[in-house]
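Common to both upcoming complexes is subunit A, partnered first by subunit B, then by subunit C.
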Partner chain A sequence: MKLQRVRAIAVKETRHLLRDPGSLAMMLLMPVMLLFIFGYAIRLDVLEAPVGVFQEAPDAASSELAAHLDASRAFRVVARYDSRRALGEALQTGQIWAGFVIPHDFARELAGGSARIQLLLDGVDANTARLLRNYARAMITEYALRQGAAEPPLVIEERVWFNETRESRYAILPGVIALVMAVMGALMTSLTIAREMEFGNLVMLRTTPLSRAEFLCGKLAPYVVIGLLDVLVAAWLTTALFDVPLRGSLLALVGVSTLFLLVVLLQGALISMLAGNQMLASQMSMVSTFLPSFLLSGFVFAVQNMPRALEYLSYAVPARYYVTLCKAIFLKGVGPLLLWTEMAALCAVLVVLAVATFRRASRLGLLP
Partner chain B sequence: MRAEANAGSGAAAISARGISRRFGQFLAVDDVDIAVARGEVFGLLGANGAGKTTTMRMLCGTLAPDGGSIAVGGVDMVRHARRARARIGYVAQRWALYGDLTVRENLELQAGLYGLGGQRSRARCQWALDFLGLRAVAGANGDGLPLGFQRRLALGCALLHEPDVLFLDEPTSGMDPLARQQLWDLIYELAESGIGILVTTHYMDEALFCDRLALMHAGRVVAGGEPEALLAEPLDTPIVELRGARCDACREAFTGLGFVREIVPGAGLLRIRLRAGSDARAAIETLRATAAACGALPQSLQEVPPTLEDVFVARLEQAVA
Partner chain C sequence: MIARLGESATRLRALFRKEFRQLLRDPRMRFFVIVPPLIQLLIFGYAAAYDVRRADIGVVDPVRSAESRALLASVTADGTFTAFAFADMREAARAMDRGAVRAVLHFSPDFEHDRRVQLIADGADSNTALMIVGQLGQALQHAAGAAAPITIEDRAWFNPNLEDRWFFVPGIIATLLLISTSMLIAMAVVRERELGTLERMMVTPVARIEFLLGKIAPVAFIGLFDVALVCAIALLWFEVPFHSSVWALTVATLLFLASTLGTGLLISSFVATQQQALLWMFFITMPMILLSGFAFPVANMPAAAQWFAAVNPVTHFMFVIRDMFLKGGGIAVHATHFAAMAALGFVAVVVSALRLR
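Right after this comes the complex of A and B.
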């Protein structure tokens, strides 16, 4: 391994990048774009959900309850209906996500100590329906207590650690960084070797004393730099724009990200050689990184809740370990040493990919 | 002559013995010997599929031979590939450099690949720009260059590390006559500096520019040696040339004659190859009579010395038979 040759390839690769501002811009802006899209689009908590109210008897007590619901962050009372039927139609057309029916004897029953109201939920989006039900329960309990109801005999004093206000973006954004890096990393390098194969440059490289290790190192080096730049920008946006706290050290994040970057860059390089042309390589890298990283990394969907077979499959998805590490560093503030199993798994994937890439590279015809 | 002048300076540029290569059932190269001295221009000829590209690839180390030995500049190409590759320069037939890099950047890359350090890299790149007349286009991108400049850049890239051997794969294909001549002048200049040069070509006139030749057919060398010696060897298929009007009529009349092997028409002439063992003198009499019978009076009708192509055709026929 001679540094001069590695540097020659790395310089050349950097020049390709600088000559192609379109690709370079994509590599630097796509992470930002994805972060915005996912950061704003994926919301697992519900804010100001549109709900409707049907008061069978529009008296003071039921109006006060309706006002209480409207005042919360969870609900916004968009309409009051004068029949059950009208409320039902509004649910059907999607104008409201939930409807409250307050019976005509509500005030009397409340005074008597055991009132009931009805909640109708749009169950098409099951997750939202479940959230709305929980919100409604909590608010009704709070309202009852305020009306002077007795405390139940057993109460849970809950505290949510690491994400006190239960903001879903806290949980999602560190995962988005992982998703973005997985997709970008593989995509960047998937094009680079296929390009040399397509344009016939290998014909010349083969006759030089360049070895495959020198070739691979030189090829990947510029992308490590770009990838780390992407990580830093993404981390900065996550903390500055989305207010997600970075409780661990930046150094730990950079260290873990470098490890993960090497994994996905090698994955891209391997795909590049397997595909042999840029078109196929970019498609293969998108499919092989985006889908597994999105579905099987625990980024949004908890892997533990999946069928056993999928759970086992997820062990082969490197993003799974990076997602766990990212979330831990951002929210829990723990270092990578505490999560040594994930680190070890990433290292193992790295070794396997490095060996596979290296072996496949023997077909390029360069010196071993 | 150049070969003799420089033969003393160390090991032969290329020394390949008994190399073979098989692709599945197809024997692409079969027991070929090639020796190129320093300062010598060696031409490798043959039709497509004759095995010259496979031979070239084995000689420059990008394809492992199934058998035989290859040494360049005295270094074993199979066992010490890295050292051997540091001694060769290779110019591919097609553009294999980087079109989005400038001429200078391509040279710098190549210098780096050959492990040249900063000072030496700069000096050699300057040398290449000057020697190949590329200074004016040093800042231009590779893919915008005319073909002749691209070839010269590729040549420059292959010479940065001062190799012992230079491989040129069809170096002049697609070039205009002036650019071809300029490239051959460069080739001679390089050979004079002591580099052994192996050229593949299928232009017969270029074959004459080489110090020594090898003609390949079906994976074997069927003819070889200095072009002058090849031309001097008597051919058993004499060539008779007819010049004059009404060539077409004569050609039709001659076709039936038993001793005529092949008739190649030219501008105002016919080249008639006779069958092996024919008596040229008797044949000319018969041809003259036949021509007269169809009303043609040839300006001249005589036996002519064979060209290199005639020699090769004859050798190929022998090889096939």
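Right after this comes the complex of A and C.
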């Protein structure tokens, strides 16, 4: 492997990149855009959900309960209905996400020590419905306590570690960095080799003394630089703008990111060579990188919540390890050494991909 | 006039033949039209679950009193939570750092008297943490014999078992359609430009609109085919209910297709290479999907994001298709969304047709 030849390929690839400043800008802006979407626009918890109330008898006790619901951060009582039917229609059209039905004998039963109320949920968005149900239970318990009900038998002190304020943003943003890397890596490289194959340049390379390793190193080097820039920009935005703590070391983050970057870039290169034309390569990279990284990495959907078969499948998704590492470095402040299994897995994937890419490259007729 | 229409029809027929052949010539491409949508649907159907059905929790119980053990036995009885004992909090904290347990129950050393217990969840996954704190806390109180002064009877309409799948599977149809059709058409047009065949096309008698129709037809056909395939799986395999008519669904799909194809054509009108097209695709479709209410409710978003959602065709189709599957709201509920999709699709197709050179 001659450094001079690697450099020649890297310079050529860099020129390609610089000649198209629009695409280059997009490669650097993509992480920023995704972080803004996830940091500002998306939240998994529910605030001020629109709910409706139907009091079968508008007496003091049930009005007080309705006021109590409205005063909470979780609910906003947008309408009071005068029949169960009207409440049902509002639920059907989506004006309210949940409806409380307070029975006519609520006041009497509450005085007797065991009252019932009914909660109708719009189950279309199952997760929101579950969150609302949990909030409703907590609110009602609190209300009952205030009305002088007996203290619950246990004193439970609830704590959420690593994310005391329970901001969903804190848990999501470190994962977004992983998503960005997975997508960018594949997007950047999956077409570059396919393009050369389509135009027939790869055949010409066979006549040069360039070896496979030199070709791949030179081809991927500029993208490693862009990828690392992306990581740094993303890490800076995450901590400076969105106040997510970086409890671990920046060095560990950069090290882990470099490893992951090599994995996704090789993946892109392999896709590129397998597809041979850009149209197919683009479809393949979408399906094989973006979706698994979004779904099977534990980024928003916890892997442990999935059926066993998918949990096993997720072991083959490199983003899974990177998401775990990112979250650990940002929120838990632990080093990559404690998570050595994840590190080892990433290294293993890297080796497998490197071997596969090299073999594919030799089948395409590049020099050894 | 009639003769010219006839000529046009001949040209169109030739174009259709060419485009279909070009798109589906490669057996791998045929594979990629059918298999990935299926895989995506299956994975999404099973993977996209917020619900906590299985969780390993750590337990630190210095005294191991009869009561704490009984409590533990009763909250782990249904198999949702599996308890692992740790000698002290330091060990439990290490397990939490590694991600081996998702929550820790820490009984007080004097539990029999003060009845205190700490419930610590791993906030690195905030949604799961909230669920576990809620579920486990309640199970504990209940096991300890809490008599709730007010009970809530809850009933979830449209999705009685609160299956996340019922929420995500119809949503997949929207995202799949957006990603596959807009990308296919953008790539198909840009490919001709990149290879120089677009210029050659310009010197033939083919009119711009004929060229576009030729490009649109096979991709729209693939889109409809994918929707049919995915719907069949949704109904037969995942058993998601469907409360609307096939016709309403077809109309909605066609309207939505106009905007996804318009998006793809718009992108193809200002990029020069397929590489740029792919980057732009991502840059544009990602926010469209993420801010459409697909996985995260629009109503929770700040005002600016909600404005974007209003002019985002995916939001409208997402709403309509979920409603058709689960609620069956009918045309009264769908009319504004249909109108919005039609308007957006019309604008996108016309603008891109004008821009295409």
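The rule is short, and it goes like this: the second predicted complex is superposed on the first by the 344 of 368 C-alpha atoms of A that agree within 3 Å, B and C clash if a C-alpha of one lies under 4 Å from a C-alpha of the other, contacts with A are read in each partner's own complex, and residues count from 1 in each chain.
By definition in this document, a residue touches a chain if its C-beta (ideal position, glycine included) is under 8 Å from a C-beta of that chain, and two chains touch if they have at least 3 such contacts.
Everything numeric here is computed off the predicted structure, so don't read it as measured data.
> Mind checking the superposed model to see whether subunit B and subunit C fit together on subunit A or clash?
Overlaying the two structures gives subunit B and subunit C room side by side.
> After the superposition on A, what does A:337 contact: first (subunit B), second (subunit C), both or neither?
In the superposition, A:337 touches no partner, neither subunit B nor subunit C.
> Given the touch rule stated above, what does A:20 touch, subunit B (first), subunit C (second), both, or neither?
The answer is both, since A:20 touches subunit B and subunit C.
> Determine, under the contact definition given at the top, whether A:240 touches first (subunit B), second (subunit C), both, or neither.
neither
> Have a look at where A:33 lands relative to subunit B and subunit C in the superposition and call it first, second, both or neither.
The answer is second: A:33 touches subunit C but not subunit B.
> Is A:200 touching the first partner subunit B, the second partner subunit C, both, or neither of them?
In the superposition, A:200 touches subunit B alone.
> Looking at A:1, would you say it contacts subunit B, subunit C, both, or neither? Reply first, second, both or neither.
neither
> With both complexes overlaid on chain A, does A:187 touch subunit B (first), subunit C (second), both or neither?
It touches subunit C, and subunit B stays clear.
> In the superposed arrangement, does subunit B or subunit C reach more residues of subunit A?
When the residues of subunit A touched by each partner are counted, C comes out ahead.
> Have a look at where A:208 lands relative to subunit B and subunit C in the superposition and call it first, second, both or neither.
Only subunit B is touched by A:208; subunit C is not.
> Report the closest approach of subunit B and subunit C over their C-alpha atoms in the superposed model, as a whole number of Å.
It comes out at 12 Å between the closest C-alpha atoms.
> Intersection of subunit A residues contacting subunit B with those contacting subunit C?
20
> In their complex, what parts of subunit B are in touch with subunit A?
Touch residues, subunit B against subunit A: 60-62, 81-82, 85-86, 88-90, 92, 94-101, 105, 108-117, 154, 157, 167.
> Could you please specify the touching residues of subunit A with respect to subunit B in the complex?
Residues of subunit A touching subunit B: 2, 4-5, 7-9, 11-12, 15-16, 19-20, 199-211, 365, 367.
> Taking the complex as given, what residues does subunit C use to touch subunit A?
26, 28-29, 32, 36, 39-40, 43-44, 46-56, 94, 96-99, 102, 114-131, 133-135, 137-138, 140-141, 144-160, 162-164, 166-167, 179-180, 183, 187-188, 191, 273-276, 278-283, 286-287, 290-291, 295-297, 299-302, 304-305, 322-323, 326-327, 329, 333
> Applying the document's contact rule, which stretches of subunit A touch subunit C when the two form their complex?
So the residues of subunit A touching subunit C come out as 20, 22-23, 26-27, 29-30, 33-34, 37-38, 40-47, 49-50, 88, 91-94, 97, 110, 113-131, 133-134, 136-138, 140-141, 143-144, 147, 149-150, 152-164, 166-168, 170-172, 183, 187, 190-192, 195, 275, 277-280, 282-284, 286-287, 291-292, 295-296, 298, 300-302, 304-307, 309-310, 324, 327-328, 331-332, 334, 338-339.
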